[in-house]
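By letter and in written order, the chains are A, B and C; residue numbering begins at 1 in each of them.
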């Protein structure tokens, strides 16, 4: 780790600790949940070169399953989250088995299409999901036996869990497994020639990314006391892509920054006189980012020139 | 069948653009929406009749497409095509929000041209005249597009440039201009679908939103870059969706995506696509 | 500091920073009294509530004198962008920031989300914008009142009125999601109670924009009534198709949910349909007088029933605050429950204690063709006034599992 990166990680960590005292605590909860969501996308896009345009499939799927369990039973929230994550993992294994065989645009289209199937199902299975009314939870329930109603308490618990998720993602990237991913990204044919079963590696990353997104979505649903159609909408898949690219792909840290900037930008734009034009502003910012700052905030300003990001 | 006519036009435009530029144009639905609005504003501001809008609106929106290509998309050609997908995604947000500011979120109705109002007796059933018209125009436009690409010198250049841009440039053909023209033409097809849609639906800023995702699925089914595949898949899936709505309504929204998954499993390149790995 | 906040790892830093940048403190009892108007400021419902709802709520506050219990009254406008999670989050933030009332909520997703937050925070929510009867049924709670209308009232006003007048056979055009299926259930029940029935109902897949084939089927079925049990863009598209194929000349058209603002936007599309509204600006002298004042602020526009309901609800709530001397929700609920009232909006009004449905007259109206409209925006002709006892679900049938 370079000194600059160490300082940056410390600043980010400190910011995470004080966040709910700086901004509204539930917004802070959203921020960290989206941060892990974006990290999950970065694992795929930044490290395997697969752009999922249906990542809301896992985020929303995990969120819905968790909310359904909490709405119908009185189990500990940890069980509900576990069920949500397992659902996301299974879904990712099935979708991944089909999707990783294709690259680039095809991969994006497949993930988008499958996410739409879930979206319409959530819309129409009103007896389970509440349809357009969403699924409201009376309370957050207990997590590991601990009452979660206080926003600050929940934030710090979520922060720890999400930090674990991010740490897990970093471990993967930094491991020999990550080294293979790196090699695949740079020269897939050569990696195949070296005897690696590339698709199997891609599938593993896809499943891990799906699980992390489902985990983040489950925490988001509990934090907000609800699962709604917005969670499975393709606009959400698009938003998380924007966060990741904005922050800087292939950096893990970048997407965290991107999620923070994106969410707070949206939050503060909505409080200004142009609050109704949030999409316009976000679209404009993102277009500029794609045209001029493709390495994102972290890639452009923090990582030294010899970035590993291919673009 | 009529919804298939819209899908075919949209899928065709999207496919032509992809074949030439390797760009999946997320803003294709927005161009469809702009085509409808061009028709609406043409009528309210300039008393432009529907049949004139059928020609003028696609040209106007196509020129807008040319502007986008030359000023924005072109900057990203050297990179992974994913970046242009992202750029066009950003354009969707901007264009839709701008139209909402101009036209309001509710949108406006556009009357069916009187000459095409009412029902036509097809012998076995009564069918809305306007829908027949939509099918005829769509089939004609698709046929023309196919003929241009497959049977004309410019089409030959387009096909060649799709296969091997470097070689074509070496032969002294201006690939840049060819790309621009193709992009404009693809956009014009989307706008034409929008013009045709204007009388059947309320013209509103988000009308392209749901359409674009279906179009993506159709293009994948037909085979990205395949003209014939896109057209046939468009019509077939429009029909399938209509039948689905009659037989079992809840499934009709997801049917296209289910078909898409099945096709990808068994024919990864789409029904008419050439097996290839780039994308 | 409450003990539950003492998470060891964060404590030191958190304490440090909280002294520097304190979170917005809960408004003390001497600060202003805050109303959170949670509405759609820019989306598809902006014209039926949105800026007009802001104007109406502010009018109520000004008319009340701008102060109650010696404290300033402020209205915080929140744009929920029709997203449930966003509405819930903003409501939570508003309540934590000292708001005592959440008002408006223009669609079922946002209304149910805010209702859940109100219950959690023990603060009051008054829903004027949303249709779902779940607010006073399965999802009822102590801190939420449903003020203007609901799917039951729409069905039992429009449906019963037409069926009683001879419209016995119905053909339904129904969007296939929660709102649509609920409307179909309610209309079926209402029509049946007057001896009629649905001969067929087509469930529209989501995103259907071309209704022509359904209209041809409906035309061939020769029903007495075409029931468009949809809302928003679906209603526009289906109504347009119905007229294109001449169904309006052959049968009565009932529209499930329609607002004055919809007709303002597309008068020729909706002319000839029969609908139900909770209030109409031209219904009587008091309504007109208020609507005139509203029009002065809003460039001549006339208010929808939702906007009028926002004024009325604000006024009634402020009166309750004044009478009880507190903004405490438990006290206010105790005061309001069972209370009867009348104002320019609510005739024969009552805050029903059983399920927190607010009762009042409902109005079955015909949408006039432009040629018969005498004043700008005077699109409606009242056909029947439905008393609260018939318009709203009877207390005996309430599905609210009252736990307070």
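By definition in this document, a contact is a pair of C-beta atoms (placed from the backbone, for glycine too) under 8 Å apart; a residue touches a chain by one contact, two chains touch by 3 or more.
What you see is a predicted model, and the numbers here were worked out from it, not measured in a lab.
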Most distant chain from chain B, judged by the mean position of its C-alpha atoms: C
Note: of the two pairs B-C and A-B, more contacts are counted for A-B
I'd like the Å distance between the centres of chain A and chain C, where a centre is the mean of that chain's Cα atoms. 35
Distance in whole angstrom between the CA centres of chain B and chain C is 39
Based only on mean CA positions, could you tell me how far chain A sits from chain B in angstrom? 31
Which parts of chain A, given as residue numbers and ranges, touch two or more other chains? 120, 123-124, 277
If you look at chain B, which of its residues touch at least two other chains? 250, 253
Multi-partner residues of chain C (each touching 2 or more other chains): 42, 176, 206
Chain A residues touching chain C in their complex are 14, 17-18, 20-22, 24-27, 30, 120, 123-124, 126, 130-134, 136-139, 147, 149-153, 156-157, 160, 224-226, 228-231, 270, 275-278
Which of the residues in chain B end up touching chain A in this complex? 18, 22, 24, 72, 75-76, 79-83, 85-87, 89-94, 96-98, 101, 213, 216-217, 219-220, 224, 250, 253-254, 257-258, 260-261, 264-265, 268, 277-279
Flag every residue of chain C that touches chain A in the complex, lowest number first. 2, 4-5, 7, 9-10, 13-14, 16-18, 21-24, 41-42, 79, 81, 83-86, 88-89, 92-93, 96, 107-109, 112-113, 115-117, 119-120, 132, 134, 139, 176-179, 181, 206
Which chain B residues qualify as touching chain C in the complex? 2-3, 100, 104-109, 112, 117-119, 126, 128, 130-131, 197, 200-202, 204, 207, 210, 241-242, 244-245, 249-250, 252-253
Chain B-facing residues of chain A, complex: 49, 51, 98, 101-110, 112-114, 116-117, 120-121, 123-124, 234, 238, 241-242, 245, 277, 279-280, 282-284, 286-287, 290-291, 294, 310-311
